[in-house]
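For reference, chains read A, B, C and D in written order, and residue numbers begin at 1 within each chain.
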Amino acid sequence: MDVEFLLPSLGADMEGATLTHWLKQPGDRVRRGEPLATVETTKGLIDIESYDDGQVLQLLVQPGTQVPVGHPLARLDVEAGSHTAAAPAPPVAPPVTGPQTLAASERVTPTPTEARATHTRMSPAARRRAHELGLPLSALEQAGGGGIIHVAEVEKLAAHAPAGSSDARVAMRATIGATMARSKREIPHYYLAHDVDFSPAREWVTRYNAAHTVKERLLEGVLIVKAVALAATRIEGFSGTFHEGRFHPAGAVHLGTAIALRGGGLVAPALLDAHQKDVPTLMREFSALVERVRAGHLRSGEFTAATLTLTSLGADGVDVLYPIINPPQVAIVGAGAIREHPWVEDRQLTVRAVLTLTLAADHRVTDGRSGARFLRTVADLLADPQSL
Amino acid sequence: MDRNQIHTQLLALLTGVAPDIDPDSVDPVRNLRDQFDFDSMDALHFAVAVSETFGIEIAETDAAALANLQSAEHFVEQRLLSKEHT
Amino acid sequence: MPNVPPEPQARIAYRDAVREALREALEADPRVFLMGEDVGRYGGSYAVSKGLLEEFGPERIRDTPLSESAFVGAGIGAALGGMRPIVEIMTVNFSLLALDQIVNNAATLSHMSGGQLNVPLVIRLATGAGRQLAAQHSHSLEGWYAHIPGLRIAVPATLEDARFMLGAALACPDPVLLFEHLYLYNLEGTLLPGVRQVDLDHAAIRRPGRDVTLITYGWSLYKCLDAAETLARESIEAEVIDLRTLRPLDEATFIESVRRTRRAVVIDEGWRSGSLSAEIISRIIEQAFYDLDAPPARVCTAEVPVPYAKHLEDAALPSAERIVTVVRAVLAGGGSD
Amino acid sequence: MSTAPAVPLEREHALALMRQMLRIRVFEDRCYQLYGQMKIRGFLHLYNGEEAVAVGALTPLRDSDAIVATYREHGHAIVRGIPMTRVMAELYGKQSGCSRGRGGSMHLFDAERRFFGGNAIVAGGLPIAVGLALAAKLQARADVTVCFFGDGAVAEGEFHESLNLASLWTLPVLFICENNLYAMGTALQRAQAETDVTAKAGAYRIEARAVDGMDVLAVESAVRDAVAKMRRDGAPALLEMRTYRFRAHSMFDPQLYRDKAEIEAWQKKGPIVTLSTRLRASGLMSEDDYQRLERDALTEVDAAVQFAESAPWEAVSDLERYVYAERTA
C-alpha cells in the first residue's frame, strides 16, 4: 500500500524542521520504530522513525531543505495490515507567530492631547440622576459653577430651588423644557375632557367650612385630589411609571400636585398615599407642601415619588387645560375653573357650578375607553362628596 | 391697636406668605391675588395668619374683605373695635 | 476535670476561642486530628493548642518536623484517605514551602480528576504584620491564596468567627484556609450569647453607615472601626464591612452597600499591586460604576518588605489615621493619596 | 542487586506478564505517532524500556492498595486496570477521558481503582503517599501505598521529608524509585553526591534493596516480598529499580546527554527481550504465543484510538465544574 511519510510534530511549539540526512535509501526495508531520517529542530538533531514496516519507494525532500510539520518527506510501500491508518490530523492551526511587528504609526506614543477644555467634573451617579430627571447637561454645567456635581447638586437643581439667581431660573426653564420635550417625544398622549356638576361638592365644602375655624378651612381643590386618587385605585393603568419598555403599576397613589412657583416655574411634589388619607389630612399636607415649596425646602424623595399628577389652573380662571404628562408617569389630570354654567337636567335648564376635568394619558398603557371610565369615576365620586 | 400698627402688622404677614414681596412697593388698593400672583392656598394662608395674629374669626364670606391691603386694614380695625365692646 | 466550654459571658481571648473550636472538633469527630510544628508538646507557637496533647494524645495532636511540604502534602493525602486533618502552618510565611502542595494538589485535585477526588482539609495559618517580626515573618498573602480556584479562604476577625469558623470549615468538602492574624490572638472580649455557628459564605456589616463604605478583613477591621468613630464626630457615617470570606468574595453585600453610600474605600494589609483590594475595586467599577459619586480608594501596606523598626512598620501598615484621611479625600470627591 | 528467583515459573502467569508489557509498549509507540500527528498535545513522557517495573510492581497488589505515580504513568494506569480507551481519550483531552479531559497525559486518575494520579511536580506525590499510608494506619486498614518516582525526585526536599516522616511514624509506604539513570537531561551521577538510592533510604532506617528493573520476574518477586512484610509490620520500604528508558525524556528532546550506543546496549537487555528469551528457552512461550499477544495488543490500541477519535469534547459551559466539590464529602 503506497503511503506518504509526513514530518511529525515533536513538540507543542515545533513549527517545522530541516532534513539533515536520510538513514534509508529507496528500496531499503524499514521496520516499525526504526529511524528513517534525522532532522534539525530548534532543540537539536532528532531521529524520526517510521510508524510501519515497509519499503522506501521515493525520497521527496533533499537534505538541507526546511519543511513545515506535516509536509510529505517520502513515499513508502507499507505491508498491508501493519499500517495503522489514523484519521488525518486536524487542519494544522496556523502557528501562532510572535507579536506581529507593530505598524510604525502604532509605536508612536500618543502625544498628550492639548489640555482638554475644563469640562465640568460630574459623578456617574449624578449623570444618571440628571438623565432620570430629564435635566440637560447644559443646564447642569451652568449651575455647576465649576465644582464637582454630585447627586445632591442635581436633585437640588431639579427641585427648582426658589428662583434665587437668574441663572438658576434659566436652568429651571431649561429643565422644564427638556422634560416636556422628552415627554412629547416619547409618550403617545391621548386627551379626554368631561364636564362635572361640582355643585354638590361646593355645597358640602361651604357647609364644612362654616362649621370649622379658618385654620381647618378646606379648599375645593382638595376634594378633586381625593376623588382623582380614589379613581386611580379603581381603574387600572393610571397610577405608575413607564420605563425600560414597560408599565410598572404603583401599589399606591402618590398624587403629584402642581404648585406654581412665585416668579415662574412649576413643581409637582407628591402627596404620598393620597388614596388612603381623609380630606382634612390631605388639606393639612397640601398646605404644608405649599409652604415648603415657597421656602425652598423640598426633600428630593418627595418630588420624585409621584405616580400620577393633578394640575389645576382654576385659580387663573381658565376653563379647560390640556396638560403634558410628567415622565416617567403615565397620566395627568387637569382641573379647570369651577364656574356657574347653564346645565340641562330632566329637560330643564338650570345653573350649576361646572368643573371641566381633562385627562392626558399614555396610549402605550391605556386607551380612550378606560380613560373615559376613569374620568366618569372621578365625576361620580365628586357627586357624593360625603364618601370622599 | 391703632391703624398704623395694623398696617405694618399686615405687611409683615404678607411677606410671611410670600417671602419675595417688597413691603414698600405694596399698592394698598390693588387686588393682592393679581399684584402678587397669590393662588387660593396663599390667600388662605394670609387669612389664617390674620386670624391668628389679631385673634379674630374670618368666615369664608369675609374673604372678600381681605382682597387688598386697605380693605383688610379696615376689616381688622372694625373687628377689633367690636371685640372691645362686647 | 472534663473541659466544659467557658460560660459565654466569661471574657476570653481570641486564642482561647480557637482552642475551644479545636477541642470541640476533636471531640466531635474521630477523623479529625491536628498536625503542625510544635502543636503538641510545645502547646502551639501562639499557645493556641496548649493542653490538647494531654487531652487527645500524640496520635491526634501530631508534632511534625520542619517539613511543611511533606506534612501539608500528608494532610492532603490523609484527607484523600478519609480523615479530616487540621494542619497548622505556623505562619503564612512558611506556607511558601508548601505552596506547591496547596496550589498544585489541594486546590487542583478535584477539578483535575474530573470530580472524583476532593480534599476535605483545613489549614490554619497565622498571618500579618504588626509585631516587628520583619519582612520574612510579616507577610500578608491572603490575596495570593484568594486567587486560586479550588481553595476557600476565610478570615476570622471577631471572637465569634474565631470560635465557630473552624466547625464550618471542617464541614466543607473542599480545602479551607483559615487566616488568623497574629495581632488578634490577644484580642479579648465576650462571645455573643446564642451564636452557635457561623457560615463561610457571607460578609458582615459590622457598623451600618450612610456616607461611605469601608471594605476590609482581619486585623484591619479594628482600624476601620476606630476610623469610623473619628469620622462620626465629623458627622460622616461610615459603613464598615468585614469580608470574612475572601474566596468566594461575597460581592453582593459590598456592591449593595456601595450603591447606597456611593463611595468605597478598601482597606487591605496586602501590597497594593495585584492585591485583593484591586479585585474588589474592579468589581465595584464593573457593577456599580453609575452609582459612584467618587472614584473608589484603598489603603494598603506600602509596597516594601515589612520593615523591622516599629515607626517604619507602623508607617508601612494601614492605620486608622490614614483611613480617615483617605475617607475625607474621597468625600471631597478627589482621588485618594 | 537481586535477580529473578529460581522458583519454577508457571506458563499462564508468565504469558500474563508478557501480555501486559506488550500492551504498554504498543500503547506508548502509538502515542509517539499520535503526538506527531498532533492528536496528543502538551507534554508526553513515554515508558518504553521500563515496562517491567510497572508490570512487576503492580501485579502483586490488591484492589484496595493505593498507588501514587508520576507524569510517566501511562503504563502504570493501564496495568492497574484503567481501560486503554479512557486513557487514550484523556490523552486526546476528551470528556470520556479518565480525568474528563482536564488532566491529560500527566494527570491520569481513577478513584475506584485508588490510582491517585500522575503528578507533574517531581516528588510531589511522595508526601501524598505518606498521607494515604497514614490514613490506612489510623483506620487500621491492612492496605499498602505504592509510590513511584524517578531518580530526579531523590534531589527534592520532599523525598527526604517523606521518607523521614514515613519511617518516623512507621507508615506502610513502598517507595519505588524508577532509576532510569537520567533526570531529564541530568545523569544521576551529576546530580547526587551519593548515587546509591538504597543508601539514602538507610539514612532514614528504611529497608531498601536494588532490583534489576529490566527483569519483570525479579521486580515482581521483590515487590511481593516487600508488600507481604509490610502488611505484617507496617514499616515502610524502598526498592530501587535499575532500569532505562529507550525513548527521550519527553517528545521534544534531542537526547544530547547520552549516545545511541548506550541506548542500543540497554535495548539488547530490554524487559520484553529478557522475558521472551527466558520463556522461549524454557518452552513456556512459542513464537505463535508472542505474535498473538502482540496482535491482541495492537487490536486493543486501535480500538482505543477509535474510541478517543469519536469521543465527545467536554462542554465549555462545564469549565468550572469540579473546581469545588459537587457532592458533599
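Heads up, the rule we're going with is that a residue touches a chain if its C-beta (ideal position, glycine included) is under 8 Å from a C-beta of that chain, and two chains touch if they have at least 3 such contacts.
Since this is a predicted model, take the numbers as computed values, not measurements.
Across the assembly, the mean Cα position most removed from that of subunit C is the one of B. Two chains share more touching C-beta pairs than any other pair, namely C-D. The distance from the centre of subunit A to the centre of subunit D, with each centre set as the mean of the Cα atoms, comes to 62 Å.
With each centre defined as the average position of its C-alpha atoms, the distance from subunit A to subunit C rounds to 40 Å. Averaging Cα coordinates per chain places subunit B and subunit C 72 Å apart. Measuring from the averaged C-alpha position of subunit B to that of subunit D gives a distance of 108 Å. Of all possible chain pairs, those that touch are A-B, A-C, A-D, C-D. Against subunit A, in their complex, subunit B makes its touches with residues 17-20, 33, 36-37, 39-42, 44-45, 47-48, 51-52, 57-60. Looking at the complex, you find that subunit C touches subunit A at residues 262, 289-294, 333. By the touch criterion given at the top, residues 6, 8-14, 32-33, 41, 43-46, 48-49, 51, 69-70, 84, 86-87, 89-90, 92 of subunit A touch subunit D in their complex.
Interface residues of subunit A facing subunit B in the complex, by the touch rule stated above, are 162, 206, 209-210, 213-215, 217, 219, 221, 259-260, 262-263, 286-287, 290-291, 294-295, 314-315. In the complex of the two chains, the subunit C residues touching subunit D come out as 33, 59, 64-65, 67, 69-83, 100-101, 104-105, 109-118, 120, 149-150, 152, 173-174.
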